[in-house]
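Please find the structures below.
There are two complexes below, and they share chain A, which is joined by chain B in the first and by chain C in the second.
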Partner chain A sequence: MTMKKLLRKVLLLDLLQGLSLTFRYQDPKEIYTEQYPLQRPEVAERYRGAPRLNVNPDTNETLCIACDLCALACPEHLIVVTSERNEKTRRKELTTFTYDLSRCMFCGLCEDACPTDALELTQDFELANYTREGAIWDRQTLEQGPQPTVYKK
Partner chain B sequence: MPQWLQSVVDYVTKSNNTPGWYADPVASAIWALIYIILIFTGVSIAVIAMNWLERKILAHMQVRLGPMRVGPHGLLQPIADALKLLIKEDIMPDQADKVVFWLAPVTIVITAFTVYIVIPFGPTHAVTDMNIGLLFMLGVSSIGVLGIIMAGWASNSHYPLMGSLRSSAQMVSYEIAMGMAVVSAVLMTSFKGGGNFFRQIYGTGGASVGTLSMIGIVRAQEAQQTWFLFKFFPLGLIAFFIFAVAMVAETNRAPFDLPEAESELVAGFHTEYSGFRWSLFFLAEYAAMIAVSSIAVTLWLGGWMRPFASLHGPNVEIPNYWSGGAIDLAFALVPALTFFVLALFAFIGTVRMPKHRAFRVQTIGLAGFALALGFIGLVLLEPHVRDRVQDIFWFSLKVAVFMYMYIWYRGTFPRYRFDQLMHLGWKFMIPTGIAVLILTAALGLGS
Partner chain C sequence: MSEILKSEQSASSVKHLELEATPSPAYLDSDELILNMGPQHPSTHGVLRVILKLDGEKVMGTECVIGYLHRGVEKIAEHRTYAMFNPYVDRMDYVAAVSNGLGYCEAVEKLLNIEAPPRAQHIRVILAELNRLASHMLWLGTHALDIGAITPLFYTFRDREEILKIFEKYCGARLTTHAFRIGGCLYETYEGFEDECRNFVKFVRPKIDEYETLLTTNRIWVERTKGVGYISGDDCKAMGVTGPVLRASGVKWDIRKAQPYSGYQNFDFDIPVGTNGDTYDRYLVRIAEMRQSLRIIEQAVEKLPEGPVMAKVPKVVKPAVGEVYHGIESPKGELGYFIVSDGSTQPYRIRVRPPSFVNLQALDMMVRGALVADVVAVIGTIDIVLGEVDR
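== the complex of A and B ==
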C-alpha cells in the first residue's frame, strides 16, 4: 500500500467525500420526484398514447375521409369504420369510427397509414377506465380525447 | 398569586443551584418529578420530530420528496403513523413466551428513559446529580441488551433469535471501545488539579481526583476552559471519534444496522412485534440515540456551555477573549433568534400555501405553528427566561447536530458485513482506544 492510499484510509477521505455528496444532494433543487396529479409530466414527443381523430379547427369537420386504410393496417383489427355516400357531393362521409383501446398495442401503424393525418396517437397517457366497455372509444371520444381532472398546485 | 402558592413556590425553589440538592427531600422530590415529566414529554416530542426529520432529510439526500400529503410538507405524518400503530391489531405469536414477550419492549423503554435522569441539560437542569452519573448511564443503557435478547428469545422464531444474538454481540463488543474512549475523557477531568480546582471555584463538591458526575464533567471542561474534544489535540478528537462510531453501533443504526438485515434476518429481533409493542421499540431506539448523543455532548462538546464560554464561578472569574457584556448578550439572544427564523420559515410557508379550499385547514394549522414558534421566541427574549433556558438551548442544539449526523450516515454509508463490523470493533477501535487512554494519562502527568 502506498503512502497516499494509507493516508486516504486513515483520514477517512473516501467517507468524507461520500458525506459531502449526500449533503449537496439535500438542495431542494435536486429533487427529481414529480407530484403527479398536481405536476404533470412532460411526455416525449414521439410518445404514442391515446388515439385522436383530428377535426379541422376552422370548420369543425372531421379530417377523416373514411378510406378504411387504418382498419386495414391495424394488426389487431380493432378499428371499425363505417361510412355513407353523400348523394349530393358524391363523397364518402364518415358515420361511426370505433377504436378498441383494450386490444391496442400502440404500434402506430394506423397513424402511418392515414393519408390525411386524421388519426393520430397523441401524448395523452391517462387511459384508465372503470369498465371494459369504456376502453372502446367511439367517434366522439376520439375527437375529444381523454379529459382527466386537472389539479392545481 | 395566593399566599399558600407563594409559600409553596418559595419552599420548592430554595435551592443551592445543584440539581438534587434542594432545601429538603420533599422539595427535591417535587423538582425531580417536574423534570421527569418535562424530560419525558420533551424526549417524546423529539422522537416524533426526529421521525419526520429522518424521513424528510433521508428523502432529500436520495433526491426524493419524502412525506408530502399529511399536513403541509407531511408535518402531521408522524401523528398519522402513531395513530395507525395504536389502532393496529395486537398480535402475539401463538408459540411465544407471553410474559417475556410483553416484558421485552417495556424493559427496553424503561432503560432508554432511565438514562435521562443524570443527563445535565444545564448546570441546574437535571433530575439529579449522581456522583457516579456516567457509570450509571453506561450501566443502565447496557441493560437494554437484555431487553433485545428477551425479545429475540420470547418470539420463539428463528429470525428474531438470530437477530437478537447478532445485535447483542455487536452492542457488547462496541461497549468496550466506548468504555475506553469514555475513560480517557473521565481522566481529563482530573487534570489541572481536578476536583481541588472545583472546590476552589465552587466552594463545595468534587473529589480531589476526577469525577464521574455528568455535571462535574462539564464543570471540569468549564474550569479547564476547553472542550475535551480539543484537549491534547488530537487525542481528545480520536477518543471522541471512537465514541462517535461506537455509539452508532450501540444504537444499531446504519451503517451498523445489521440486526435489521432484510435479506437475511427480516427485521431482526423485533420481527414478530407489531402495533403498540413495536412502537415501544421504535420509541426506545430513538430515545437511546438521543441519550448516547447527550453523553457525547457532555463528555467532549462541553455539555450546556455555549461556544467560547468563559468561567463564572461564585469565587473565581476566568474571562476570555469571547466574553464580556456585549458578546454574552449576543450569544444569549441566539435561542430566541433561532425560533424567530423558524417562525419566519413557517410564515413564508403559510403565505405560499395554495389558496384552494381543500388547503384551508392546513394553512390555518401552519399559521398556528408559526405563531407558536414566534411566541416561544418572544418568551425566550425575556431576560429571566433567557438566562435560565439558554443552557438547555445550547445542549439541545449540540444533540440535534448528532441526530442529524445519524441521518446523514444512514443516507450515505453502505452497511458493513458482520465480520467487518467485528474486525473494526476488536482490531481497530479497542487498540486505538487503549492507546489514546495511555497517551492521555502520560500527557496528563505534566498537568
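== the complex of A and C ==
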C-alpha cells in the first residue's frame, strides 16, 4: 500500500467525500416532496388514464357510432357495446357502453381503434373505488368522467 | 426432489426427535441448517424464495424456488392477436418495459419481413437507452440499499423520475409504456423531445459521477462487494449468463455490437468489460454502461432523421407460416423472442428467453462458500426482476 492510499484510509477521505456530497443536498431547493391531495401532479398531455366517451359539445349527442372496434381491439375483452337500429335514420345507435376498469391495463389500443375519437383515455388518474362494481363504468359515468374530491389548501 | 429439499424435511422432523430425547446419530452428525430466504424477504427483489443450506454462516448450497409471480404470459399470447399481445410484454420486465416492447415488435417485424423506418428506429434507440439508464438506476439504488447504503437510492430515483417524465410525455405511461407498435412507433415525438433528451444527458452526466463518489471508493462498499460472488467467464458461458454479469467476467459480448438491430450499428459506443467477475466489477460495468448509453442517446438525438414513424403494415397482422427468433440486449442481458406462426392472426407459440431467469441460475455458483450476507449482495448484483423470471 502506498503512502497516499494509507493516508486516504486513515483520514477517512472516502467517507468524507460521500458525506460532503450528501451535505450539499441539504439545500431546501432540493426538496422533491409533493403534497398530494392538496397539490395534484400535472400529468402529460398524452397520459393514458380514465376512459371517456366523448359527446358532441353542440348537440350533446354521443360521437360513438357503435362500431364495436374498441371491443374487438381490447386484449382483455372488457368493453361491451350494444346498439339498436334506428328505423328512421337507418343507422345503428348506441344503447349501452360498459367499460370494466378493474381489468383495464391502460394500453390505449381501444382509443387507437376508435374511428371517430369517441373513446379516449384522459388525464384523470384518480380511479379508486370502495366497491368492485364501482370500477365497472356505464355509459353515463364514461361521458361524465370521474368526479374526485377537490381539497382546498 | 432435490437433495436440499430432502434435508429440509429432515430438519422439520428434528423437533420430534428432540422431544423423544432419542436423537438419531444422523442428526448429531449434521450441523447444517436449512433456512428459507423469501418469498417475502425485502432484499430478494420481489417474490423469490431461496432455500439456503447453511453451515454456521457459510452457504453450502442454494436452491431458488420461483413461480410466485407466474401469470402465464406465454400462454396468454396464444389467445391474442399479435398487436393485442404487445402490452403484455411490458409486464414481464416492468422496470425495462421499453426494451421488452422493442424486442417483441422487432421479432414480429422480422416475421412479417418489414422494417421500421429510420426515424422510428432512432426513436426506439433513444427510448431503449433511456430505459437502460432507468433500469440501471433502479438496480443501483436497490442494490446499494440491500448492502446498506441508503443514500444512492434517493439520488437514483430522483434522476430516474426525469426519464419517466420523458416516457410519460412521449407515450402516456411511465412504467408499462406500450411505446412501440409493430412496424414502428405509434406516436410522433412531442414538441421539445429532442431538447429534453439533450438536457437530460447534460443533467445526468454529473449525477453518475455523484453515485460514484458515494460508492466507488467507499471502504464499506468495497469491502462488501470486492471478491464477492465471483463467477468466471467460462462458467458464465456454460450457464448461458448474458448482460453485464457476463461482461464483468471479461467476456466482450453485447448483442448491440454482435448482431446489431434497430440501427445500433450506426452509433459509436464501447462495450465496458470487467476483469474480476465479482460484484464490484459488475457495479463498475453497469456504471460504465450508463455513460455509454448517454453517448448513444446524444448521437441518436443529433442524427434523428425526418420521415414517417410507421412502416406500411397490413391492418390485420397475419404472418406467413414460419418461425423466428430475435434477441436484443435488454438492460439485464439477452432478451429473446421465439415466435411460431401458423399463418393465422394469433401466434401459435411465443417463447420468451428472459435474461433474469437465466442469470438467476448462476446464483448457486456465485454464492457457494460465501456468507449469508453475501447472498443478499449477489441477488442484487445479478439484477433480477421476478416478473421476468416467472413471466
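FYI, the second predicted complex is superposed on the first by the 138 of 153 C-alpha atoms of A that agree within 3 Å, B and C clash if a C-alpha of one lies under 4 Å from a C-alpha of the other, contacts with A are read in each partner's own complex, and residues count from 1 in each chain.
Just so it is clear, a contact is a pair of C-beta atoms (placed from the backbone, for glycine too) under 8 Å apart; a residue touches a chain by one contact, two chains touch by 3 or more.
Given the structure is predicted, the values throughout are model-derived calculations rather than measurements.
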| item | value |
| --- | --- |
| Touching partner for A:T22 - first (chain B), second (chain C), both, neither | both |
| Which of chain B and chain C A:L127 touches, first, second, both or neither | neither |
| Contacts of A:A135 with chain B and chain C, given as first, second, both or neither | neither |
| First (chain B), second (chain C), both or neither touched by A:C107 | second |
| In the superposition, chain B vs chain C on chain A residues touched | C |
| Contacts of A:V80 with chain B and chain C, given as first, second, both or neither | neither |
| Partner chain(s) touched by A:Q35 [first = chain B, second = chain C, both, neither] | first |
| First (chain B), second (chain C), both or neither touched by A:Y47 | second |
| Contacts of A:C67 with chain B and chain C, given as first, second, both or neither | neither |
| First, second, both or neither for A:D14, with chain B first and chain C second | second |
| Shared chain A surface residues [contacts with chain B and with chain C] | 15, 18, 21-22, 32 |
| For the chain B and chain A complex, residues of the former touching the latter | 57, 60-65, 68, 354, 356, 408, 411-413 |
| Partner chain A, residues of chain C touching it in the complex | 80, 83-88, 91, 151, 158, 161, 165, 168-173, 176, 178, 186-187, 190, 210, 213-214, 217-219 |
| Of chain A, residues touching chain B in the complex | 15, 18-19, 21-23, 25-28, 30-33, 35, 152-153 |
| Residue ranges of chain A touching chain C (in the complex, touch as defined) | 9, 14-15, 17-18, 21-22, 32, 43-48, 73-75, 105-109, 112, 121 |
